[in-house]
Each structure stands twice: as structure tokens, then as C-alpha cells.
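Each chain carries a letter (A, B, C and D) given by its place in the written order, and its residues are counted from 1.
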Amino acid sequence: MSHPPILVVTTGGTIDKQYFDALSEYQIAESVIEKLLKVSRVTHPFRVVELMRKDSLELSDEDRALIRATIAAAPETHVVVTHGTDTMTDTAKMLADIEGKTIVLTGALAPARFAESDAPFNLGMAIACCQAAKPGVWITMNGSVFDALKVRKDRAAGKFTQA
Amino acid sequence: MSHPPILVVTTGGTIDKQYFDALSEYQIAESVIEKLLKVSRVTHPFRVVELMRKDSLELSDEDRALIRATIAAAPETHVVVTHGTDTMTDTAKMLADIEGKTIVLTGALAPARFAESDAPFNLGMAIACCQAAKPGVWITMNGSVFDALKVRKDRAAGKFTQA
Amino acid sequence: MSHPPILVVTTGGTIDKQYFDALSEYQIAESVIEKLLKVSRVTHPFRVVELMRKDSLELSDEDRALIRATIAAAPETHVVVTHGTDTMTDTAKMLADIEGKTIVLTGALAPARFAESDAPFNLGMAIACCQAAKPGVWITMNGSVFDALKVRKDRAAGKFTQA
Amino acid sequence: MSHPPILVVTTGGTIDKQYFDALSEYQIAESVIEKLLKVSRVTHPFRVVELMRKDSLELSDEDRALIRATIAAAPETHVVVTHGTDTMTDTAKMLADIEGKTIVLTGALAPARFAESDAPFNLGMAIACCQAAKPGVWITMNGSVFDALKVRKDRAAGKFTQA
């Protein structure tokens, strides 16, 4: 198995939320994805591009077009996208026609800065999936590898299930 | 994509080391793997079997035969094995002739009980790999999916590389 | 030194904030103070009373009167109050006339559920201060023991300083 | 209340233990005390002196004499010493004749690098105690402030109790 570099595109979402006491609220802060990869002793080559810091409910069509264009233009064929979970499937649909790449979207239901979070596990799932799965668009959440065009988020239950 | 249940076999290793003050040392304790899967919001069906609690330098041929027999007899075709990293490749070799299963070995270089550990990320890699990769034996460490028969651990450097 | 039991009164505040993905926001949840004391191997006798779960900007005069009445009526002479930091000094003023007790208010600038938080340290400060300081009202924040009637929170700077 | 600077002397102990995979064992590493103080948003002035990195079972009379000399010679009157718990009371006895200083010894039963550790809480206890208690030698462990000359460690039970 060869090990070409992985492109990691961060767009915001709960995974990157931080609590700001002076504002009495949470906001998406500088991405912690690169730090997570370092703590996880990742030596596989990768490149991180922080595209935006948005809750996925606030992503516009222009934002999704930017995500698509970034991935399409990149030399990498293995791509991970960290993204808010609420509209992850909408972005996935826009990536479906990109050929020759294995693209995996993931995120988290609890911020990575929390002591107990699904963030590192989900990131690991995506990093493995982009290497092991066949080309196409995938979502890794709740311990499952999903075909990204055949999954939905059940918001109340806090989990992804087959659509 | 269908989602058959995953068998998770735990054998010990650094991933499960705990510090016992009364003994002034680290020992492998009750596996934390099931707790990690819960914290990671895994709803994908799985079953955990705690086979042993050994440092992989102490695994005997009988131990490895037991690991093999457990996996071969199980109904699951998707299998994750958590294992000490030092002799992970030796156990992998003994699993190579099991047909029709996707078996992924992983472990960690820092105990899962540490605040900063590669454990959750590596477990996520393995859980994704057993679903996405084709049948055979794999190792997920340091952010890479390796063919388990073509990798070695560089102990001094603390990482796995292509053999 | 004798070790009479400590009364720990929890009122909410950032220290107890949890992130709820289904609501896309942080809310004060079941207090984690008792869990923090357990993780910190506290064997000193104590009793936890969860009075309310409020951001301190939302505390009313009735809320503060309830906090005061609870402390005044309790048999314990050593008291810790976990509280939002924004109006901690207002509650402290209302406790100043309670005689014969050492009352220490503390809180946190980052939720205790975060991997990196001042919560456990601040709680430890308060638990020690109620045993070591003379009777009166104290605040422990930012590594300092303050006379509670002579301190203010500098909200923008995120710290407490002598008033 | 005034806030003179605190001297923090680190000597090793479980609080600073790290796991080294290449060695398959734990060792006392670079002290994490300064980082804990930073994470805990300590703005109170302090100075950290890393004297040694020893398990307290390995401290010699010369080591304890060095700890004593460092504290006696320092300008600070408020002193915290982080120390292995096994012979903490022995070192405390050697500090009892230093006049005019409030000296607090603490440590931890689980390494600070663990996700669940008593380390930050205990450090907070000591930092508060050196400001609030009267001059003398104290130990803060298990949620209690102890007169350091009247306490012992019950090793099997993993806790400190009145001697």
C-alpha cells in the first residue's frame, strides 16, 4: 500500500468550538485539527488548509462552492474534510461529481477541546477511510463508514443513520 | 454500504496501561476500549472480548494461537484487535491465513488514560479500516493504513514504517 | 488541625457548562463538582448541595437570598460555593454578615468538562482555603486568595484583581 | 490581603511521571507544574525552580538538605513544594525549623499527564494554603490541609491521614 499525502480541509463546526468567558458563549476558534494529528503521532504526510470557521447551519452556497473548488484543484487524491454535522450531507452532495479522489467528511458532536469528545476517534476514522475506501464521497460518524449520499443526521437522537 | 457488527478483541498493551501508586508502577488494567467507543458516540453494533492483559513482549505462542482461534471462530467478518505495539506484526503474521475477514490491529504509544494520547485516534482508524478495506490483515498506526505483512515498528523512533 | 466536614454549595456558572449538540449551544448541566472531588481523591468529609444551575448574570436577589439562607442554616463552619464568575462578588457581599464560618467562593473561566480548564485547580484552592483561612468570606481565582469584599472581576482581561 | 510572590520548588514524584513507550516504562520527566499553573489561569506572581526529578523513595539526605537550603535561602515567604508522596513527611520534618515562611508540600497519586488526576486540585490546594495558613509546614493531600508533622501516608489505602 502506498501512502500519498492527505489533504485535510477544516471548515469549522462543533469540533472546533471553544468557550469564551468574556463573551459568555462558545465560538468556533482556531482549528485544533493539526494539534490532534500531532498528539495522535501521525507521521503520514498531510497538509491542513483552514478554509473557514463556520457552524454548518451558516454555510452559504458560496462557502460550499469554495470547499468544492479547493478539493477539486488540489493535487491530493486522499482528502479529509472536518465540518459541522448539521449540514455535512449537503456539502457531501456537492462533492459527488469530483472524480478520482477519496473524500471523507467528519466532525464531532462534542468539541475536541472537551476531555470526553468523539473528535479524535472520528478524525482517525476519516484519516483511515480516505486511504482504505474506494474513490467517492464518504462520511465517518458514530463508528460507521457511510456512503455520503445515503446517510442523514438524526438531530434529536444525535447520530447519523442510513437514509 | 451495510454495517455488520464489529468484533473488538483486546489483548493489553500500552493502550490499556494504568498507573498504580501503591506499586509505584504502570500495569495493564481493565480495558478502557469499551469506554472509548462509548465516549466516541459509536452506535455501530460491536462486541468487545477482553482476551488477555499483556504487554506484547510477554505474549507466548499459545497466546497468539488463542487470539487467532478466537477470531477464526467468531461470526463477525469485521475485526479490530487492540494489541501492544512491540510484537503487533508477529501476531498479524499468524492471522494472515484466515479467509473472508477484514482484520485490523492497532494499539497506542501512550496509554488511553493519558490526557494526550494517540489511543482514540488509532481506535477510530481501525474501526473505519475494518469496514472500508478489503479482506486481509491491516495495521493502523501513526496515521497510516499498512498492509500488516509489510510493516515494521521502528522502536527507537516510536513509529511504524513500511518494511 | 481538625477536619470538620465541608459544605459545598453549587449554583452553576461556567464551571458546570456542557455543550449540547442538538441545541447548538452550551448550557449549565448537572454539576460535575462531586465528580471532580472524587477524581481528586478527596477523602476529607464533605456534602454537596446543588442549589441552582444558573449563569451568574441571571441570578436574582431571591437566588442570592437562598444561597445565603442555605449557608447560614447549615451546621458546617467550612463552606465552598461554586458560582459563575461575573457576579461572584455580589453574592459574596450578601454573605459578609454570617458569623463564625469560613466561606470561599470560586468558579472557573473554562468549563470543568474541558481538557484544559482552571476548574480543578480553583476547586482545590477553595477546599484548602476554607480550612486554612480565618472566618470570613474569601474568593479564590487566578491563583490568589482574595478578601471577597476587596476584589473585582476584570471581565475583558478574564481575571480577578484587588478592588 | 497582600499577594507576595510564591516560590514553587519541584522535586519529581508521581505528579511528574511520563510514560515512555521506547523504554516500556514510566520515568519522571520535565516538570509539568508550570504548565498546570498556566492552564489554571494563575496570574498571581510565582517562580518555579526544578530542583530534581526523583521518585521520593530515592531521595537521599543530601537531596533533602538541598531542598531545605533552597527554601531557606529564597526571598519568598510563601513556598509550595511538589514531591513524591511516599517520603513527603520525611522532607517536611527537615523543613520544620525554617522560620517566617509558610511552606506547603503536595504531590499526586496519579500523574498530572493523566486525563483523570488529583494533580491540578492538589496544586491548587497548596497554592491557596501557602497564602491563607499561618507560617509553618503543611501538607495538602486528599482534600485535607494537614499539619505536616502530624500526618502519615497510608500507602496501601492510597491516602494521607492524621498520624
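In the analysis below, a contact is a pair of C-beta atoms (placed from the backbone, for glycine too) under 8 Å apart; a residue touches a chain by one contact, two chains touch by 3 or more.
These numbers come from a predicted model, not from an experiment.
Q: What angle, rounded to the nearest 5°, describes the rotation that places the Cα atoms of chain B on chain D?
A: The best-fit rotation has an angle of 180 degrees.
Q: Taking each chain's centre as the mean of its Cα atoms, which chain lies farthest from chain A?
A: Relative to chain A, the chain with the farthest C-alpha centre is D.
Q: Would you mind working out whether chain A and chain B touch using mostly the same residue numbers, over half shared, or mostly different ones?
A: same
Q: Report, in whole Å, the distance between the mean C-alpha point of chain B and the mean C-alpha point of chain D.
A: Roughly 38 Å, centre to centre.
Q: Can you give the whole-Å distance between the Cα centres of chain A and chain D?
A: 43
Q: Just give me the whole-number Å value for how far the CA centre of chain A lies from that of chain B.
A: 24
Q: At least two other chains touched by the same residue of chain A: list those residues.
A: Answer for chain A, listing residues that touch two or more other chains: 109-110, 115-116, 158.
Q: Can you tell me which positions in chain B touch chain D when the two form their complex?
A: Within the complex, chain B contacts chain D at residues 14, 17, 19, 21-22, 24-26, 55, 57, 85-86, 109-111, 113-116, 155-156, 158.
Q: Show which residues of chain C lie in contact with chain D when the two form their complex.
A: Residues of chain C touching chain D: 1, 3, 6, 36-37, 39-44, 46, 109, 115-118, 120-129, 131-133, 138, 140-147, 150, 158-159, 162.
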